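Please go over the structures that come below.
Next come two complexes, and both contain chain A; in the first it sits with chain B, in the second with chain C.
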Partner chain A sequence: METTKITKSSSSIEWGKIFRSYGTVIAGVIITIIFSVLNPDSFATLDNAINISRQISFLVIIGIGATIVMSVSEFDLSIGAIASLGGVIAAKIAASGGPIWIAFLAPVLVALVVGFINGWIVTQFRVLSFITTLAMSTILGGFTFWLTGGATIFENIPDSFRLVGQKSLLGIPLLSIVMLLITILFWYVMTQTAFGRRLYAIGGNESASRIAGLRVKWNKNAAFALGAALAALTGVLMASRLGSAHPTAGNGLFLQAYAAAYLGMTSFKEGVPNIWGTFVGAAIIGILANGLTIMQVPTFMQDVITGLIVIAAVIMQKFGRGSR
Partner chain B sequence: MSLLEVQQLDKKFGLHHALSDISLSIASGEVVGLVGENGAGKSTFIKIITGVYTPDGGRIAWNGQAVTIHSPRDAHRLGIHVIHQERHLIPSFSGYENLYLGLPLPQLKFGLRVKWNQMKERAEAVKKELGIELDLTKTAEEMSPPERTMLELMRVMMQDCKLLILDEPTASLTDQETEVLFRLIERMTDQGTAILYVSHRMEEIFRLSDRIIVFRNGKWAGTLQREEADLKKVISYMTDTDYQGTTAQERTNALHEPVLLEVRNLSTVDGTVRDTSFRVHRGEIVGIFGLAGAGRTELLEAIYGARPIQSGDMAVAGKAQCIASPQQALENGMVLIPEDRRSEGLIMNLTIRENMTLPRLKHFSTGVYVRQRFEKSEVRRFMDHMNVKATSSEQNVSELSGGNQQKVVFAKAMMNNPELFLCDEATQAVDVMTREEIHRLLRQQARDKRGVVYVSSDIHEVLDLCDRIYVLREGTIVAEVPGGEATSEQLLQICYNR
Partner chain C sequence: MKKAVSVLLSIIFIISLAACSGGNSSKDGEKNVSIMTPFLSSVTTNEMVEALKKQAADHGWKANVIDTKGDVGQLASRMEDVIASKTDAIIIVSTDPNQLKAQIQSAKEKNIPVMGCDAGYIEGMTMNATSDNTEMSKMITTHLFDTIGKKGNLVALTYRAHPGVLKRTLFLDQMLSENADVKKVTEMQVEVPGPIESARKQMESLLLANKEPGSITAVWTGWDEPAIGAAQAIEASGRKDIVVIGIDGNSQAVEMIKKGSPLIATVKQNFPGMAEIVAQQLDLVFQGKAVEGTELYAPASLITKDQG
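Entry: the complex of A and B
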């Protein structure tokens, strides 16, 4: 009896469900169409599409980092500072003549440790992750400033360090390829592995996860570490792209990363932070920035529009949930 | 004329009658004791009188006038206040500030400034009137449990309280502190305040009450005058003499079987479990019965490694074990069916499949990825076995009925192939059919030489199901009775005898 009732009700809200699950994607498509119609010559070109894919690569990668931490119902406000620090460490190593692979790897390892410390403080002392990572952000900002003396590092950076950030393979920027690989990798980790399942379980209900025998603290720490590592990688890629590292280069990405993750929560698995959702969220933000720039909308107005869209998406999602 | 008079009060939750046909009255200056075993409807009654629940039927009269109480605010306006076992204070506020919660603050014109002096004067006056010694400049968190009780009493008295409901007020108090409380209650009744005193502690009820009202299964079971009341009489009202067991339960004597779980002198860090020892043999369903607050849930959690242990030993299947986490408990073949399904049993935003395989993900994982086809077929097998009604294994557990959710909890437990089930209120808020199914399942587990520890606040369920019953009182096991012969009178006698 119950079974039939459930089937009935779910078939009657099928359209609503599709709209709720793919509303953000549909919105992204509509935005793209509008820009294409308004600027057929400059926006709707293959070159511009490739351009956008490169522009969003940083946001996608750091956004995935934010998403992983959000999957265990925590926040990492230090990802921006970690990205800045990561870029600076990489540039320093590259500029001092160190091997390029170390320049890429070292910041990521440092970030793993930083993320683990964040997680450890949060889980061991039951401090709000908000406060912990906010303080960590300040600490890291200080470190970065100390490393750079506040100046941009751009001298003596070898071309080989810029390779990943600036070269393309078969016309596709390496950055875009890295972004896609990371997206697919973490989609896999979060949905196909036991580890990803555990993270979502902990995010869904920590005490039930504990009763089910999960190592809640360890898994949370791992989530923080992974999120931080991806943030550092973002910073390294930015430095590689620009051929320089500024001590606050990554800071601005932090709010956008959460905007992307929240936009993403409205798609595919509604209400749950998910990797492809974050990808779509970052893409929407990137498409908006690109399209509005082409239409010569001033930057401050772009910020206003992006903010409004995030608010609208979150409200939409609340409505979707309410009707359940 | 009575202060409060209720007639034919009725409250249903779904099909279950939490209260039916309750009629009683309370006069000014009177102390009425309200007793009944767990789930007899005392809390529901209090919640109706204080406007938390709306009754489905019946009338409430206040000073002879018919009233409807829609919210706690309405109740306050009439002069009905309640003091719960848990304190409702703001920890970081001072005594003065807490006293004025919900009261209009004396203020200068246009709310420019609170008149602190006036606040203090009035508070001191109430203090004097009640004869309370209490430093009100202290914050609530700096106060001791009895001081907090005093503070709540003062707050109530500042609001022109006509009827005060005390719900297990002495749970956290020592004997001396209780004496202070009792003196206060006397002063209040002298001033004409009526008291409804709800407690499991019979000697307090006998000492304070002018009359004792007994509830049983949501119904009025009797009223005793102070002179005629004694423990035996009260318990005979509380227990259902015409209750018949649902089915003739199979019972086993498995004392000759090997011991599966041995607990010796277990105490928890927080003191909710104290020096408790018991054992479970293979093939047994062992019941643990106790009144609310006796430490039933805490005992199970301590065994399961979910509550820090101070001292004591445990042996599982003859091997001494130190179980410090649920993970270790699971590895040692235990599984916990938690009391609160929604907050501890299931992860509501995940699917049936994801919930069921959570403790066993390693088993389904290749080390890299989860073998979802294998996972799905196993989940389906266990769903069939447990008779879970759902559209598919991919349905969210939040969409299932309470009974089916509980079956998922059991299916999840069964997947671990456990040796020992720790069940905490396993049939709470499930339908009759599911309840029977759960009982059958556990009996089958016992037949297969596994062990079950069964905690329930439903005395009849414990009596029906369990082979042996331990009685838990104030965190420690005080008696052991065989399941087949015990009666509810006997169990309650043990619980109430202090």
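Entry: the complex of A and C
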């Protein structure tokens, strides 16, 4: 009798652990199954899978940037404005006949500087990152409007600029390949290098990290710079995909990026911002948007559902933490 | 564990419910028309979408409205989704098609017609119905310049990112270059969404910065919503020496004009007329016939306190 009881109890604990650790992933799989069953002809196709992978690429890349900043327990509200600026700078260079590699690289370098300034203000003057980056977002928004005159840039953009955003390699969109490479690269940086571990240590306990001799300010500045660089790259890729740059094109991404990162915190049991978690979070948001659109669910309902799922995921994360 | 399971089950339940409420199933032979815009919260865009929905119902088509709240990148993604779902036609409303070139091309390759309603026309689209923005700007700007005696200080509140508004603003630029006595104090880009509040704030600041009578004679706005915001700010300040004009002829603006507010005139766009043109042309496409033109105009009319 006693043996049977113990076996039942451990089995129950195992399921609980699995659920708490991978609840978001399980939810993602179930969502996919529901859409596949309801819409086998449109949703559950290879073309649509490729379509989703291309669509989520922006959210994954900018979400990874947000994740890096969140790993040091800070927020960067300017990532949307940086993405818009990045797209505009790239499109301007491409439209003026500049080399394409400069069109891709220059915005990233500009964003590295902007991100570093964000970090420097936050760490040097101990200003809340919310306030600093909100102000930076306003500044960049104004600068982007000044650069464009408020208009969309689409004239004289060469086909070579559109290549990454619109072409495929062996049937896989280049955007999806870039997204995967960046995810793997930053997963490696954040989990397998001393730099990544330092960021998590600072995010976990800043005072203890300082006492332990970590260069907290420098590392935080680097996190902001990397987050901004990835946001700018997102903007450049978006401009490449659309073949045009709009002065507010990236603004809508910033809230979704944090939603993806928060969803990601509930994935893979860490309970902390993590790269693959953000990937899963972005994928869930992308799958929901794609599936609900195909199902012709009204857009207001899509927003309600996405919001409810983020809240549910955060609640699940709380249960997960409570269990430790 | 039980709480977590209940949260997960709730998620699944919500999605299932939403999916079922989507009403994906079309009756046999019923055409699915996807109406897409990033600006549904705009009064005029909303009017067009409602008119398109009515037209779709009249023709026996199933309309699916998609709004991305100002996000064109999202609009591109959602357009790919409806192409994947094998929609029968796409109507983009108040959107610059230059930002959707790849998606328009993709729709064309799948034989899905892409129509524009107050959008623009580019290669790959079937047609676009709009007002002649240059003609409307000519109508209202000439009226404004005549009202102020072709002399004074003018504030421009616009949004050059919208292709239609850009055309109107370019005509203002031309009129300003031809009338040296009308000086442009400043041009400001209105925030979208939220153009009324944005224009009101901008105008309040401009009024504080230009307190002398005659320092601002007129406010030219690219469409009615900033005109409403600007007129509200002028009214609140008690200034009687500034006139405002708008374009579109939305009901709130017309009401203010008739009441004698600083908003003195607008040009009424025929939004239901545009929707009707789009529906007529789409009907031809569904019958396998050619459209009557790639850029078709619905005529507009001037509205003042005594006219229209």
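Keep in mind that, in the parts below, the second predicted complex is superposed on the first by the 309 of 324 C-alpha atoms of A that agree within 3 Å, B and C clash if a C-alpha of one lies under 4 Å from a C-alpha of the other, contacts with A are read in each partner's own complex, and residues count from 1 in each chain.
In this text, a residue touches a chain if its C-beta (ideal position, glycine included) is under 8 Å from a C-beta of that chain, and two chains touch if they have at least 3 such contacts.
Quick caveat, the model's predicted, so the values are computed rather than measured.
Undergrad: Record, for the superposition on chain A, whether partners chain B and chain C clash or fit.
TA: Partners fit side by side after overlay.
Undergrad: Now for A:210: first (chain B), second (chain C), both, or neither, which partner does it touch?
TA: First partner only.
Undergrad: So in the superposed three-chain picture, is A:149 touching just chain B, just chain C, both, or none of them (first/second/both/neither)?
TA: Second partner only.
Undergrad: Report the partner of chain A that touches more of its residues: chain B or chain C.
TA: If we count touched residues of chain A for both partners, the winner is C.
Undergrad: Name the contact category of A:131: first (chain B only), second (chain C only), both, or neither.
TA: So A:131 meets neither chain B nor chain C here.
Undergrad: Given the touch rule stated above, what does A:248 touch, chain B (first), chain C (second), both, or neither?
TA: After superposing on A, A:248 lies in contact with chain C but is clear of chain B.
Undergrad: Let me test your reading of the model: by the given contact rule, A:198 touches which partner, first (chain B), second (chain C), both or neither?
TA: A:198 contacts chain B only, not chain C.
Undergrad: Should A:297 be classified as contacting the first partner (chain B), the second (chain C), both, or neither?
TA: Only chain C; A:297 stays clear of chain B.
Undergrad: After the superposition on A, what does A:181 contact: first (chain B), second (chain C), both or neither?
TA: neither
Undergrad: Which value, in Å, gives the least CA distance between chain B and chain C in the superposed three-chain arrangement?
TA: Nearest C-alpha atoms of the two chains are 21 Å apart.
Undergrad: Can you list the chain C residues touching chain A in their complex?
TA: 1, 3-5, 7-8, 10-12, 14-16, 18-19, 21-24, 32, 40, 64-74, 76-78, 80-82, 84-86, 96, 98-102, 158-161, 166, 189
Undergrad: Which of the residues in chain A come into contact with chain B in the complex?
TA: 2-3, 6-7, 10, 188, 192-194, 197-198, 200-201, 204-205, 207-215, 271-272
Undergrad: In the complex formed with chain C, which residues of chain A make contact?
TA: 12, 15-16, 19-20, 23, 26-27, 30-31, 34-35, 38-39, 41-43, 45, 47-48, 51, 54-55, 58, 145, 148-152, 154, 162, 165-166, 238, 241-244, 246-253, 288-302, 305, 308-309, 312, 315-316, 319-320
Undergrad: Once bound in the complex, which stretches of chain B touch chain A?
TA: Going by the criterion above, the answer is residues 304, 306, 325-327, 329-331, 336, 338, 343-350, 354, 358-359, 361-362, 364-365, 368-370, 372, 389-391, 395, 399-401, 404, 412.
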